[in-house]
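By letter and in written order, the chains are A, B, C and D; residue numbering begins at 1 in each of them.
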Amino acid sequence: MPKLTDLASAIATHVHDGDLLYLAGFTHLIPFAAGHEIIRQGRRDLTLARATPDIIYDQMAAAGCARKIIFSYMGNPGVGSLHVLRRLVESGALEWEEYSHFGMITRLAAAAAGLPFLPLRPTGAESLAAVNPAYKTIPDPYGGPDVVALPALHPDVAILHVQRADVHGNAHLWGILGEQKEAAFAARRVILTAEEIVDEDVIRRDPNRTLIPGLIVTAVCHVPHAAHPSYAQGYYDRDNAFYLEWDALSQDEVRLHAWLEEWVYALPDRAAYWAKLGSAAHARLTPAPRPSGEVDYGGYA
Amino acid sequence: MTPAPAYSPAELMAVNAARLLQDGEVVFVGVGLPNLACNLALRTHAPNLTLIYEAGVIGARPERLPLSIGDPTLVTGATAVTSMYDIFALYLQRGLVDVGFLGGAQIGRYGDINATVIGDYAHPKTRLPGSGGSMEIAAFAKRCFIITPHQPRRFPERVDFQTSLGHGPARRALPGSGPQAVVTDLGLLRPDASGELVLAALHPGITVEQARAATGWPLQIAPDLTTTAAPTAEELALLRALDPDRIYLK
Amino acid sequence: MPKLTDLASAIATHVHDGDLLYLAGFTHLIPFAAGHEIIRQGRRDLTLARATPDIIYDQMAAAGCARKIIFSYMGNPGVGSLHVLRRLVESGALEWEEYSHFGMITRLAAAAAGLPFLPLRPTGAESLAAVNPAYKTIPDPYGGPDVVALPALHPDVAILHVQRADVHGNAHLWGILGEQKEAAFAARRVILTAEEIVDEDVIRRDPNRTLIPGLIVTAVCHVPHAAHPSYAQGYYDRDNAFYLEWDALSQDEVRLHAWLEEWVYALPDRAAYWAKLGSAAHARLTPAPRPSGEVDYGGYA
Amino acid sequence: MTPAPAYSPAELMAVNAARLLQDGEVVFVGVGLPNLACNLALRTHAPNLTLIYEAGVIGARPERLPLSIGDPTLVTGATAVTSMYDIFALYLQRGLVDVGFLGGAQIGRYGDINATVIGDYAHPKTRLPGSGGSMEIAAFAKRCFIITPHQPRRFPERVDFQTSLGHGPARRALPGSGPQAVVTDLGLLRPDASGELVLAALHPGITVEQARAATGWPLQIAPDLTTTAAPTAEELALLRALDPDRIYLK
C-alpha cells in the first residue's frame, strides 16, 4: 500500500504530545526537516531519545518541545557542548536518562528483536548504574562471570531520513548506518523522509541495499535536503560551518530565538529552507561523484 | 648536527602517541589528535594498522581532515561500513580491538576518566557530553591511550564521576587492560604495578618539578624514567601535511 | 597484510583433526570446494556445525570426516532427507546436537558479539530442551516472563564462500546472506574462498557491501565455482538436478563411494571439478545479467 | 451451469489454503504448496500480501518456481534481503508476521507437530530433518496454517516429538495463537475452544466418515460444519500457471 504523504501531514497524524521520539542517525542523515516540522506544529512534553542528540535536539529543546532527554553523548560532534541541553540539564529544567553508546544501542537492538532485554559484558558502568536503575547485573546461566542487562527501548515514533525510498517505504541507505535499522524496528510507528522517491524497480534491482522494509513504515515523505546541516552521503556534505556557528549562536538566547524564528517558524517547509540557504551554500556542499560500481544479481527464469 | 625542529605541544603529543602504536594493530580512533597520531603511525613505522572509527567505518581513507567522527569523507573509499551495534558488539566487545584512544575532562590518580559531569551528578556544576563510546573502549580495547594537556585541574586525585574505568578493583571484571599511557605535553604517565599513574617519561627540556606541579596528586616517578626523543623533522612534516590548516595542531 | 593462498594450503594449515567447523551459507554460497578439499586431506573427528547441513556435510560424513553434527535442519532442501547423516544418526554412529534455526543462529550471534549467551523469547522448545541441556530458562530482570538462553558457539574454523574479495580478505557478498557474518565473527579462524579476487579499489568503491572485513580473515583463496551444486548469486545457478540426483545416489553405498572417488578423490582441485562438469552444465547454470544499478558515495575533499 | 472443473488433491489444498489469507497480511512462506497458495492469493483476493521467505527474502518476485527456500530466483527482483538472524529476531520474534505455514510428519490431536523423529529421540526409528524454523514460526506468527494430506499415520493422537507446539498448556507462554487451520485433501480441521482439532469443513463430495477414518483420534465434528466451495476455474488456471510442470500440483 502506498504510504506517500507530505511531512506536515505525517507529523500531524503520527507524532503526539508526550510521545517518545527517536530521530535516528549517527552524524549522517539526521532528520532535521522533521524536527523543524515538529517545532512548527508546537509538540510538547516529548521524550527525545538519541545516542547523540546533536543540534536537532538542542533546537527542539530550545523551542520547548522536550520534557526529557535520553542519550549517550550529548555533545556537538567535533565542536563541544550542546549549550541548550546543557543549560536545561544544569538548571534542572529538563529530565535526563543516560547511557554509554553501547548501552543505548543495546536498548534499541533489544526492542528491535522483540526481546525484553539484551546482555552486555561488563563495561565498568558502576557510576552510571548508581544513577540509572535500568542497568541490572544478571548471572550467566553457563557459569561464567555476571553480565549486564539493559531493557528494550520502544520509541512511539522513529523518524529516519533516507537516501531513496519507493512509495511503499522500502528504503536504500548507504554510508554511515548508525542505529537506523534498530531504531526503526524498535519503534511503534516509523516516518521516513527521503532525498528521492524512486520507482519500486530501483529498489528491487538491489535488494541487499534495502535497510528498511516498507512493511514497518507508517509514512514516507519526499523531502530533499532534509538532513542539512547534517548530510546525505553522495547528495550533499555536512555543513561543518553551521555546527561551528551553532556553538556561539546557541549560547546567546536572543540570537538563538531569532534563529529559530528565521529558519524554522517563518518557513513553511524544507524547500523554503533550502532555497533560503542559497546557491553559494548549495555549491559549497555539493560533493564530487564517486559511483559505487555495480554487482550482478543474475536472472533466473 | 642540525638543530632540533620547533614543534607545538599538540604536535609533541601527536608524535608521541603515534610512537605507542605497533604495526598490525587494530585501533579504535577518535577525531582530533588520535586521528592524526594514527595516520602518522600509518605513514611511518606501522603501515599495517587497521583504523576503526566509532561511526562504523573501517579502513577509512579520508581526502580531508574530518571535523566529526561521522564525516562523509571517512566513508568514501573505506574498506567497510557497518552499524553502530556491530561496531560495539562484533568488534569491541568481541575483543578485536587492540588499542583505543580516550579523553576526558578529568584523569584520576588510578586512570579513571571523567567525561560526564563536574560537581554532583544530579545537580551538575558543569554538565559534560558524557561517555559516548568511551566507557566500552576502556572496557574492551586490549589497551588504551589518553592524550591530554598536563594541567592540575585535568589531573585531580579523584574524578567527580567514573565515565571510564581506570585501574581500581572493578578493572578485574573487564577484559581490557585499561589506560596504559597518558600522553601529555610534559611527558608520559604510565600505571605502576598498583595501577597508579606515575611519571614514566619527560619530553625534552621538561623537568620532574614541572610535571609534579601540573598534577593534582603527589606524582611518583618511575624508577626507569626516560626522556622522549624530540619529534623528527620527518614526523613533523608528515603530521603537518595531515592538518595543513592546523585545526588540531594549533 | 595479504592473506591470499591456495585452498589446499589453507586447509592444510588451518583445519585440524578434531576441530569444530562451520561451513556457512543458507542454501547460497555453500563452500563445497573447501569441503571436498577437507575430504581429500583426510581430516577426522570433526564436529560439523551448520544450521542446514545440506549435501556437503552428507558428503563429508560419508567420507568419514565427522564425529559429531550440530544442526537445526538436517534435510536436502526441497528434496527430503540427507540419507548419509540420517543413516549414521539412526545407527548411532554419529553424535548429534540439535536446535531450531533461531536457536542455532542465536548461538552464533552470541559468539560473534563476544557474549556468553543471548536470550530468546520462549519458542516452545520444551521437547528439544529435554534432550539438549544447552537450553536454559532465565528470568527477565525487568519482571516480565522468563526467557530462554542459548550459549555462544565458537567454531575453530568458519569457512565462507564469497562472490568477491581483495587480497586482504575484505569481501563483498550479495543475495541470501544466511548466517555468514555471524559465523565468521564467531570463529577463531576464518577461511574464505572467492569467485573473484578483485582489486582493493573495487571493494572500497562500495564499502557498505563489505559483509566480511579482512581483519577477521585468516586466509583467502581464489576458487571460482567453489559453491556448486549450491550457487553464487549472479555467477551461476543452483544445480537442482544434482540435489535431486543425490537423493537416489546417497541411498546406495556403492554409488555413493563411486561418486566420492570420481568427483572428489580423483580430482586435484575445483578447477578440475568444474571442467569435468562440462560445458553443457556450465551453459545450463549460467544466469542472465541483472545489474544492481549504482549509488553515489560522493567525493569529499 | 458449467460443470465444476476437475482438480487434484494438491490443487484442492492449495486453493483452500489461499482462501485463508487476508489482504494486507505478512506471511512467512515455505516452498511447495504454501508458496503456491500465497502466490495464488496475491493474484486473487489479497494483492497486498507481503511474502517473507525464511532465507531472508522479502517481497520476492520469482521468475520460476523455486525448488528450495533459498533459490536465487527469490532474490533477484525482491524488495529486500536480510540475514537469517534478522528474519528470526526482527521479523518473527518482533511480532511482524501474521501468518506462518507449517508442515510435518505427524499432526497431533491438539495441533502439536512432529518434524523431528519417529520413535525414540535417542534411538530413532526414522530420523526426520528436524525443526528448521518451524518451532519459532509456530511460536511467533500470529496464526499458523498446516497443509497436509489426510492419512491416519499423519494424524496420530499424540506425536512422537513436539517439534512445534500446538494448543497444550505451554502455548500460553507463546505470543502466537498456534495452528488455526489444517488444510487437508478431505477438508479443514480447526481447534475448538479446548484446542482440540475438530472437523470444521469438508470438501465437496467428502463424507464425515472418510475424514474420521483418516484421523488417528476420535474426530469431533464442529457444530457449524460447512462444505468448502470447489476450486473455481479461475483459481485453477492461476494455480496451474504458477506450477506449469506440476512439480507440486501432481
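Quick note on the criterion: a residue touches a chain if its C-beta (ideal position, glycine included) is under 8 Å from a C-beta of that chain, and two chains touch if they have at least 3 such contacts.
The structure presented is a predicted model; accordingly, all values stated were derived computationally and were not measured.
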Fewest touching-chain hops separating chain B from chain D: 2
Chain D and chain C - chains in contact with each: A
Pair with more cross-chain C-beta pairs in contact, given A-B and B-C: A-B
Label of the chain whose CA centroid is most distant from the centroid of chain A: D
Averaged-CA centre spacing for the pair chain B and chain A, given as whole angstrom: 29
Between chain D and chain A, distance of the C-alpha-averaged centres to the nearest whole Å: 40
Mean-CA-position distance for chain C and chain A (Å): 36
Chain A: positions in contact with at least two other chains: 114-115, 120-121, 174-175, 177, 181, 205, 208, 233, 237, 287, 290, 297-301
Numbers and ranges of chain B residues touching at least 2 other chains: 57, 71-72, 75-77, 81-82, 89, 93, 140
Those chain pairs that satisfy the touch definition: A-B, A-C, A-D, B-C, C-D
Residues of chain D defined as touching chain C within the complex: 31-32, 54-57, 66-72, 74-77, 81-85, 88-89, 92-93, 116, 121-136, 138-140, 161-165, 170-171, 173-175
Sites on chain C touched by chain A in the complex: 114-121, 136, 138-142, 144, 147, 149, 151, 163, 172, 174-175, 177, 202, 205-206, 208-209, 233-235, 237, 287-301
Contact set on chain A toward chain B in their complex: 26-28, 51-52, 71-75, 77-79, 81-82, 86, 89-90, 92, 98-103, 105-106, 108-109, 120-128, 131, 145, 174-182, 231, 233, 237-238, 240, 243, 287, 290
In the complex, chain C residues that touch chain B: 1, 112-115, 168, 170, 181, 185, 200, 203-205, 207-208, 210, 213-216, 297-301
Contact footprint of chain A on chain D as seen in their complex: 24, 26, 48, 50, 57-59, 61-64, 71-73, 75-82, 89-90, 93-96, 140
